[in-house]
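Below you'll find the structures, each written out as structure tokens.
Two complexes follow with subunit A in common, the first pairing it with subunit B and the second with subunit C.
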Partner chain A sequence: MKRTVVIVDDSKFLLRLMQEYFQEVMDFEVVATGVNGVQGVDLYRRFQPDLICLDLTMPVKDGQTALTEILGEFPEARVLIISAVGGPSILRCIKLGAKAYLEKPFRLEDEEFRKDFRQTLLEIFAK
Partner chain B sequence: MLHSSQDERTRDSIQDVAAEFEVCARRAVECLLNRPTLLSKAFRLRKPSAVESGIRCFIASGNSDQTLMISLGLSKSDLRSLFPDEKDEEMGLDAIGEMVNIIAGTLFRRPGFRSRFDRLRTSVPSFAAPSFEMEQARIVRGVLKVGEAHLILELAVKPCNCGGKA
Partner chain C sequence: MKEMESKPGPAKLSSKGGLRKKVFLSFAVQFGLVLGLVFSLVMMLDLYRMRRNFHGAQGAITKAIVAKGKHQAMRTGMILATLPENGTSTLIREIIGATVASDPDILYGIYMDTDRKPLAYSRAGDASGGGSGPSAPPPGPLSSSLTDEMSLWASSVRDGSFRSTEAGGEKAIEFAAPVKRGGLILGIVRFGIATKSMDAALHETRRAWRKTKELTISLFGLLGFSTFLMTIWSSSVLAEKITKPIRALTGSAIRIAHGDYRAKIQADGDDEIAVLAEAFETMREKVQDYTGNLQMRVDEKVRQVRDILDNVKQGLFTFNLDLNVNPDCSLSACQILGMDELAGHTLAEVLRLGPQDEALFRDWVDVLRMHYETHRWEKLAKLAPVQELRLGAGTGGKQIKVEYQKILDPDGRLIKIMALIQDVTESRLLESRIWEEKIRLENKVRIILGITSNPPEVVSEFLKESAAKIEVMQKSLPLLGPPTGNGAGKRGGDEGGPEDVIDFPTWIRIMYKDCHTIKGNAGAFGFEVLVELAHELETRLDHAARGKINWPECLPEAQRLVRDMKEEVRRIAEVRLLLSGNSEEVYLRLPESKIAKIRALADKAGSPKLAPELLALVDCCKTISYRSFSSLTRKYRDLVSRVSMKTQKDVAFSVSPPGLELDPEVLLRVDEALVHLVRNAAVYGLDAAEGSGPTGSGSGKIELTYARTSGEHVFTVKDHGAGIDPDVLTRKAVAAGILDREAAEALGEKEKLQLIFYPGFSTSEKPDSLSGRGMGLTIASESVRAWGGTISVASRPGLGSSFTITLPEQGG
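Let's look at the complex of A and B:
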């Protein structure tokens, strides 16, 4: 049975790229996508996926707030933070309980990136 | 009016990060489009002038000392050439917004940039013109070519006490 993932990012273009990547390269089932933190929390409640990818900078509700709400309700949730913003924002999310983070931009066609991405996923599911 | 020393500091700082801006811009564009970029016009300090591009995406930022704006401009036909198979123009615009978002995020986290501009608050990308007084700003501009499309990239900075806001 495939692992399930919800992807949340305010860029529909990036959502489409990541959806294809998770499905075709990482062999996940993308059960839903959302474009802001409100949708992220709702989709997590609804699908309770094996993994949720959350962008940090989003309108309506940002990724850090969504992360706090998801982990408040589902402490075992596996959250992967995806963001172009590095530094303290990422550290705060890791302290809050995110399992890992990936910095944008993603070199989705690059073999080294794929290797790193796979390793990150392995570590998330080993925790 | 800007004090000349303040203006010189801004000019020196933005000049120093021109190369980093180019690196971040090329990386963001190449990763998102999975296509190589060519340098069509060098990234360097330029006089403020209107950018005639048809489509222009901005991201505004700032802290207590300065306001900053990153923008990417291109023509409608260039947008179509970047996404020839895309039926929905909105998807192409969304990709441009994400490019600007990634350029800003990656630039702001680089130590060389942060040593000159400190920590900046960021916003989400917008296609609506910001209230940013360009004539008072120092500007680095360069042009990247992707296939037949020309992308005009601009980084503008001005000290906060010269009026206006990003």
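Let's look at the complex of A and C:
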């Protein structure tokens, strides 16, 4: 049974990149993708995936608001924050209950970054 | 355990040792069992043997009596059988009586016929010879048959036989034997023999046996008891011997357990316990040594760690999860943070956090609490609100890098956080300088590329136009009024007429347009910095036009941007000047063959008969390839700037007269010499006042002059450095063996200075990439001489040196 993931990011390019990586390398099933916070919350509600990746800066509804709504409804949700805006905003999200974070840019060609990605997923699913 | 704690005691320990008791019991039981078994066996065998002897003796006694009785009966029977049949009753009585009398054991004697009629009856103790009849209870009268049980039994006897009976209250055995004659039984002889003596003998035997038995038993008892005592003693001794070293060891172990390591253990023997004791002693010594020196070692280590911490550039302190700083901090941490003491302060005080950052720190600690066990520390540490901080001006505006490390207690719980701090002011400054330099160089390359890849007149035009626009902006910016009620501004200040009054948005729009034009054109040339500056100004102007920003607030920034733009345009113009000279120095490129042809023709045509105009034309043609002195000497300018970049000294280079046109051919002849002279001047010719030589720290000035005297070209390279001391030169020359002392002393000052052209004569201590090996001036001199020229030097210590090259006009 593959783990399921919903990816939410306003960059279509990044969405495709992550979708490929999650499916082909991490062996996840990408059940849906969204481009803003509103879609993120809807998709989580609809699919209740094992993991949701949330970008922080997104139109319509930002990642932090989406995170708060998702966790309000599903306290056990596993949320991975993906952001280029570092520091305090990520810290706030982790404090709110996001499980981990990854920093943009998504340098998948970099071994260090891939290692970080793998390790981060391990940490999220560690019990 | 509890008991041990309650009485630590010395190594000798109480005798109630469990081990001792066990060993003792085991020995005792084993000895006891074995000895008890042996003793009982021996005793039983002995008793059995005695019992058999007793029974043997009893049987022998009985047999002896029986044999005696039988013998008496048989013998008497045989005697009686020989007697005649008649008249013999007296004789029979006598025989019987005598037999009874002869043996005190015989109680009675009877002879009876087959009808049990007693013919003779004698009893012991009766008068000799017996009587006519038994005096004692003969059963019935003599004349009548005997009917008692014994007589009935005796009458049935057909051979010698016996049976127990009783006579006169005494136990007896009656022996009966038939008296036969010719197979015919005549009568029965009966003797009663008292068993009294036999019983006495038997009794005696039994008594002796019993006595022996008692003796044996008591002997064995005694033996058993002494064996028991022996067993106890030997077991006790053995148990003591085996358990003593162990108990000693135990005692020592207890003392060590209580922190007393002085109890020495003596190990002799070679058994396992001795080996154990030896190992234990070694351990004790090590533990004693270790614990004895523990404090010393700990102190030593602490001192080392402190030393390291105090001497490394990194500072270190720890803080608790409540954001209070602990006393354990390094000296360098205090120094870096500019505080006398960190302990007792809060993290907010130490890191100069505002309330917002402090709240973030609390959030961070909460996040750490949640995830420190599952998440990688480096990722959590990255979330810390402060990664780098800038201290206030009071502490010199230091830039401090902060790194965090978790500290766990032995149970793996997060208890505090260690902060490693490092003063990175210098490295950040260096980084920013490198970055600025990189940007500057990149921009320079872009500027050069922009200038060289565009027609010079286009570049010139752009620069003129931009400079003019910027000039207007600079002047009018401060005069622009803020968007007041009617939104009007003034152009040209108060003194301008009312026709000059233009509303603010229009002005902004005009400036925006100009700015945009500059930006676009600069972009076309690739002048990136100018593009950036124009873009920023444009953005501000745009915002101002839309009323997004407050203009008076924005004004200083706009002014700065305009200033920077002006500076950048100036910089571009400078580069352009360097690349293509000023307008007078812009030369057409012509094929050399064509120039040579024109010059050859001019030489031929040059005749004084020509009209002055034609002569001027010919002259112009002759000098067609001439170039200004400044452009011809650019190479040396570059050389000076390269050297000064390496030595990091400020060296100015000037030529005079810069505009004089000169045949490049002439300069080619002195080029080699000039390269050496100029380089020397750049390296050594620094102001004497501020230090000379490559190690001095000062600025320099190099002048290259050209003059044309009658038939000669004269080049002079002059510096304002330390000059050359002629005496130092001669001393060095003498030391190098170039000339002897007398010859040196004979030289005049000028001649002494000429020594500097001597090959291999260097004033520099060691060669490097700048100063040579003392060959430069020699080469310069030789190269000039090849064209028939000369080179000379004049110098005054402290005032600089001046090298002069004189080249004949028609050299070569």
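Throughout what follows, the second predicted complex is superposed on the first by the 126 of 127 C-alpha atoms of A that agree within 3 Å, B and C clash if a C-alpha of one lies under 4 Å from a C-alpha of the other, contacts with A are read in each partner's own complex, and residues count from 1 in each chain.
We adopt the following convention: a contact is a pair of C-beta atoms (placed from the backbone, for glycine too) under 8 Å apart; a residue touches a chain by one contact, two chains touch by 3 or more.
It should be emphasised that the depicted structure is a prediction, and the values quoted were computed from it without experimental measurement.
Enquirer: I want to verify the contact counts: of subunit B and subunit C, which reaches more residues of subunit A?
Expert: B
Enquirer: So in the superposed three-chain picture, is A:P105 touching just subunit B, just subunit C, both, or none of them (first/second/both/neither)?
Expert: first
Enquirer: Looking at the overlay, does A:P59 come into contact with subunit B only (first), subunit C only (second), both, or neither?
Expert: So A:P59 only meets subunit B here.
Enquirer: Kindly classify A:P75 by the partners it touches after superposition: subunit B alone (first), subunit C alone (second), both, or neither?
Expert: Neither subunit B nor subunit C is touched by A:P75.
Enquirer: Regarding the shared-chain residue A:K12, is it in contact with subunit B (first), subunit C (second), both, or neither?
Expert: It touches subunit B, and subunit C stays clear.
Enquirer: If you stack the two complexes on chain A, which partner ends up touching A:G87: first (subunit B), second (subunit C), both, or neither?
Expert: Both subunit B and subunit C are touched by A:G87.
Enquirer: Share the list of subunit A residues that count as touching for subunit B in one structure and for subunit C in the other.
Expert: 86-87
Enquirer: Quick one: in the complex, what on subunit B touches subunit A?
Expert: 27-28, 31-32, 34, 90-92, 94-95, 97-98, 101-102, 104-106, 108-109, 122, 124
Enquirer: Okay, in this complex, where on subunit C does subunit A touch?
Expert: Subunit C residues touching subunit A: 360, 363-364, 366-367, 370-371, 374-376, 379, 382-383, 385, 387.
Enquirer: So in the complex, the part of subunit A that touches subunit C is made up of which residues?
Expert: 86-88, 90-92, 94-95, 100-101, 116, 119-120, 123, 126
Enquirer: Please name which positions on subunit A make contact with subunit B in the complex.
Expert: Against subunit B, subunit A makes touches at 10-14, 16-17, 57-59, 83-87, 103-109.
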